[in-house]
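Below: a set of structures, written as structure tokens.
Below are two complexes that have subunit A in common, paired first with subunit B and then with subunit C.
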Partner chain A sequence: MQTSRRDFFKVAAVGGVAATIFGFDLKPAYAQLKELKIARAAETRSTCPYCAVGCGVLIYTIGDKAKNVTPQVIHVEGDPDHPTNRGTLCPKGSSLEQDMLNPRRLTKPQVRRPGATDWQDISWDQALDEIARWTKKTRDATFVEKDAKGLPANRCEGISFIGGCTDTNEFNYLVVKAMRSLGLVYLENQARV
Partner chain B sequence: MTNGWVDIKNTDMMLIMGGNPAENHPCGFKWAMEAKRNRNAKIISVDPRFTRTSSTADLFVQIRAGTDIAFLGGLIRYAIENNRYAKEYLINYTNAAFIVKEGFKLPEDGLYSGFDSAAGTYDKTTWNYQEGEDLSGKTDAPASAAHAAPSAAAAPAPPPALPPNVAYDLTLQHPRCVFQLMKQQYSRYTPETVERITGIPKEQYLKAIDMFTSVRKDGDMKQVATIIYAVGWTQHTFGTQIIRTAAMIQLLLGNVGRAGGGVNALRGHSNIQGATDMAGLFDSMPGYLKVPTPTDADLASFLKRTTPTSSKPSPWGSWNYYSNTPAFFVSLLKALYGDAATKENGFGFDYLPRVDRDYSWTHIWEDMYNGKVKGMMAFGMNGVMIGPDTNKNINALKKADWLVVGEIYQDETSEFWRAPGITADEQKTINTTVYRLPCAGFAEKDGSMTNSARWVTWKYAAVPPPGQARLDQDIVAQIFLRVRDLYKKEGGKFPDPILNVSWAYADSAHPSLSQVAMELNGKALADLKDDKTGQVVVKAGQQLPGFALLKDDGTTMCGNWIYSGCWTEAGSQIQRRGTEDPSGMGVFPNWSWSWPANRRVLYNRASCNLDGKPWDPERKQVWWNEAAGKWAGNDVPDFKADSHPKDHLGPFIMNPEGVGRLFAPIGVLAEGPFPEHYEPIESPTKNLLHPEQSNNPLVKKFKSPYDKFGDPAEYTIVCTTYRLTEQYHYWTKNNPMNVQLIPEPFVEIPVELAEEKGIRGRDMIHVISARGKYTAKAFVTRRLRPMMIDGRKVYQIGLPIHQGYRGIQEDAERDARTPANLLTPAVTDPNAHTPESKGFLVKVEKA
Partner chain C sequence: MIQLEWDRRIRRANELTSSYPFAAEGLRYYSRVATFQRSLYADIQQALADSPAGEFTGSLRDELDLFLLLPNFSRYLSLIEQIAPAPLAQAAAGLARKGTPGWQHAIEDFWHGDLETALAVGGMDEEWEGAAGGAKAREQLLAWIFLQPYAEYLADQCENTIVDGAPSTCPLCGGKPMVGVLRSEGDGAKKSLICMLCAHEWGFRRIYCPACGEEREPQMAFYSAPEIAHVRVDVCDTCHTYLKSIDLTKTGLAVPVVDELATIPLDLWAREHGYEKLQINLLGT
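Up next, the complex of A and B:
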């Protein structure tokens, strides 16, 4: 049987408590407390969303993933098993918990109407309906079936899709699938810039 | 990266240039420090600014932004002059011995042969190899009849193609062999010239290139050097050519394919690599396949145009792996259109939009400004901030009919209509409808991301999105399905691709990403049989084991051929967590999965000599096993498994030549087969090699009122932009901790410039380009020294890109509210279409 790094630390921590039971070294006790804090948490393996080192991140949540319980993030740390980052995180990775529990997060769809000076709330249903309508209207108005030489073009030149840099491979693929099917050619990504 | 993060620990020498990994990739940079500590490896840091990477370096060299090709070209010259190159590697694994067509001219005047100055384009006919046989030792080979001057009455020539049999000279003496041409090309890049262009004192320059090439002292092949770069190289109007120069150096020194070697792009975002692989870009299809153009009559002619045929010396072999393009592309069409892709309709080829011009990033904004692009969807992409030319992008958005922004925070793009300077009265005149949709953060989504080392790693969702926020993939799916419903009900322009696209996910409005990952891997649509034995190897419906089984007859489907193998019948490979590293070289073969085929170092056949024995027996990656009759290794051989070394099959299996390209023939690059130094579009000096052709001749400038360029007499200072360790683009300015660490923007300026202008540290200053004005505090520093460029003093300044007009500090109005990209020009590299954000001209004023 192989002992993982973390198992080793666990054994070391317990051993440490026994060894200093008559002393005043509080370090192992603090380690034990930390262990207890996340002991009842669920551990989720994730990847840092920032640079392309792709550091392994462990997200600890309480709330046992039962249907009626919303999990709560209580701790985030680097994944010690990850071959690249070996448990370390940089100042950005270290603040990931604040990114997850951030009061500034957008939580509802909004629309800014022509000429308006502020946002107004809109339901998902209405927002998606309106966006679909805009998409069809613009596509039908700007679709180029044949180019100037009469050759097939089959492209929609009135709509652009620009994609981000922390989206998953699968999301990117779905975008390409959907947007190429709509005929989009102004299809670009952070990867360009 | 040809190699990987952990692999850097295997190196002996690092040239880190156009990148600052100590600050921007800190947790990956530890492996550079490992190499330094354990192998006594050296770091050479070349940067306009003394960075934290520079502080760990054995040698720091300050360079003028945008003069990297001059630096690297001089390095090639030095390596050749001093015999510091890998001769056996060079002759056998590169096109050094290939003979180039007569009529090919080097750019002594800044232009290669074939330039049409009226059209601003090249006729690349002469940028090709000469057809022929072994010319070794025959330096006075007569020109073949085919190259006689063409008669005026001749029929229009077919588009140039590579000859199947290339003339070659293994003695490398023929005056038109690639090696001699390359030697001639860089003979002009003397240390004296390099000093005048780059501002690096000759003695220091010689020290740097001597140190780097020392790995090949006396032709010894044991040591290995790596070149590491980031957007400091890509964000130029000649960025692709800088990177090519690096690749040429690594081929010349025999460093590609080897542990601790390679050309290593440090990508700036967690899944930029994956986004490129998946082709969220106008000019490619998933897996780097080509896009159809209007002139492709049908699938067959498209495949004929885009499938390369091998081009090599006749006794050599070339696997030419892209000869499988038809299998990759037809399998992609089957993934895109499912049952609607039939042999009869060319597998739905006509459903794809055709592309025959540049639709890249800067064109989107130009064409939106000109009223052509009327709607935009931006998901996790803050286009106003990323620029270039923020003002232009804001003014383009004012003209759009609609904008959809999917984000997790308020961003500058969704709030463009109330950017600083836009009054409430003006807002009333802006008619753009803007939808802002709350998306999911990284911890709320599962799916895979691909790091710089091509490791494809799955992540799991930890928490649900807050409030009404939805998963990004659900939003895109729901928009698409509603558009599809409208076309079903109402009809419209060319609805066929919309109605026929395969969207067969278990829950179409909430596509499961594991199902999508399985589609990327691909599956058999009919029983697949072994060609030789006739046995069924994969049953219909089963996941494919890898791309080798892809077919061009519609019996396989695969969303992205390079990802084939990521989710097989054995399960998800991208969720593996094996921590073992049997070779100790940082391969970690069972940790997640890397494309292609779980190979960790690309082109690793080149880590061995011609006989198949590793150049360095202590860093064995792959080797030829004579007894077994195949290649074996600590890594997956990036090679035909049973190809005997005697067959002389080239290690660069993705090139039709089978070898690495010192000379990039015909259509590969826009502005020439060898990189040439051109000045940035805005530069303090004329090009000292050829003042008449200062810039890249293929760069085009837009004509909008925002596309203004600074006169070097007025704008005398070279400006560059960069990131800080504590902030991530335009995102972490919403996190209190990062804002506490870096609460406000600043401008780093040299002490001498500060004294000249009477500026003290913390004074507010304006940085002004021809396009915009950026305001922040001065940070007076010795990290940027004045440089002598051709006998004239030139200042360089630098500024971080993070702050804008939305964020914790910005919203509290405690911060300068100007984005850095107000300053940058919308001119791009003609190959990669990346804007020139590094090395533009500004002036500085006290605020």
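Up next, the complex of A and C:
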């Protein structure tokens, strides 16, 4: 926005002295302004991912919206306007900043092989391949076409699915569709977001 | 409001005069004005002590006791003439010359006028310096400062009112917000706004523009400096309006209306970056 003559602050030309329209000297304030390190921050509403209560949180990020700058989370606090928690958070919710910034946070799939004691990093492609292969193998091995009375059952009792509490209703809807199509009967999630 | 609140404001202004030397001139002026306002508030309190508690069905501004206020206007104008910078002092002198009818007109004009447009930031400088419109703007400003204690007294007599939603103007008098306040609530901070006229504080939403109603998060942001960490400039990138908020979770000793006055550099920064203040303060920033 360009400075216009409608600008509120009047900067008098005489002697380069700046003043408000009421006559208060702004020169010391301008000098102080040069010393300030003013930064932009934004608040974003979100929902705590930990449990089914669904507490509202405000996530603070810094960043000036420049395309080459990645916003960085600097603080997380309870949302006082959220009807569920009105600004309060449990100890787990209070640690949400660490959930995002902790260097030990997992950022890739891991697998623990049968009999192994350690987790092993694998690629996303390998994880998807293995999940598909084991799903097919388990379903084929445990699929029940007819029950003990000979009535059609068409269910898979060898696989269960549990959804995380950050999953959205839309995601959970698709999960149910996909899992039911496989014949799963044991599926659970925390649909609430 | 009890007298202690005025004392807190004056004490805070005096404290900040030394810690924020860049705002010393304005804070010294405010300290003198607040001292006058404190005495006027006490006079009003004494005179109306026997009156029943206010039950305002409409606006707080439905009533105006000119018999009580007018006798104090002359000494108020004299004070402004003595302590204010030249432009403001000249405005006070000009109004003083008009006598009681002019004072009454100025007070009534502001009190019953539209607070949405009164003392609007945009174009204020033109009005201030203009011949015809300038007189009105100057009188509005002087009437505003004078009427604050009276409005605050009336607001203090109101029983707590339950307000639906988060109004952008004062639910008691219709005034625009002067400053935002963040008070600790739970593990976060609840936001409220303080009225420019009656100093009533009402709850507001954290991510919501009081000027245009914008609530999309990417359009709302705040700017702050670590050197004045407890004061933030809440901006709206949709209407390019800003309002300062005082974060009492960071500095509990802050007095919002005073700290808002003292942090002039943040106003300068906001103006330089194209934001317009929602409501000017007593110093004209």
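Assume the second predicted complex is superposed on the first by the 115 of 193 C-alpha atoms of A that agree within 3 Å, B and C clash if a C-alpha of one lies under 4 Å from a C-alpha of the other, contacts with A are read in each partner's own complex, and residues count from 1 in each chain.
Operating definition for what follows: a residue touches a chain if its C-beta (ideal position, glycine included) is under 8 Å from a C-beta of that chain, and two chains touch if they have at least 3 such contacts.
Being a predicted model, the structure only gives us computed values, none of them experimental.
In the superposed model, A:T88 lies in contact with both subunit B and subunit C.
Of the two partner chains, subunit C is the only one that A:D25 touches; subunit B does not reach it.
By the touch criterion defined above, A:R112 reaches subunit B but does not reach subunit C. Contacts of A:T44 after superposition: both subunit B and subunit C are touched.
By the touch criterion defined above, A:V69 lies against neither subunit B nor subunit C after alignment on the C-alpha atoms of chain A. By the touch criterion defined above, A:E77 lies against subunit C but remains apart from subunit B after alignment on the C-alpha atoms of chain A. Once the two structures are superposed, subunit B and subunit C can be ranked by residues of subunit A touched, with B on top. Across the superposed pair, subunit B and subunit C both touch subunit A at residues 42, 44-45, 78, 81, 85-86, 88-89, 93-94.
Chain contact summary for the complex, subunit C toward subunit A: residues 21-26, 29, 84-89, 121-126, 128-129, 141, 185-191, 205-207, 217-218, 220-228, 240, 264-269, 271, 274, 276-277, 280, 283-285.
Against subunit C, the residues of subunit A that register as touching in their complex are 1, 5-10, 19-26, 28-33, 35-45, 58, 77-81, 85-89, 93-94. Touching subunit B in their complex are the following residues of subunit A: 4, 42, 44-56, 59, 61, 70-73, 78, 81-86, 88-96, 98-100, 102, 104-117, 119, 122, 124, 127-136, 138-143, 145, 147, 149, 151-178, 180-193.
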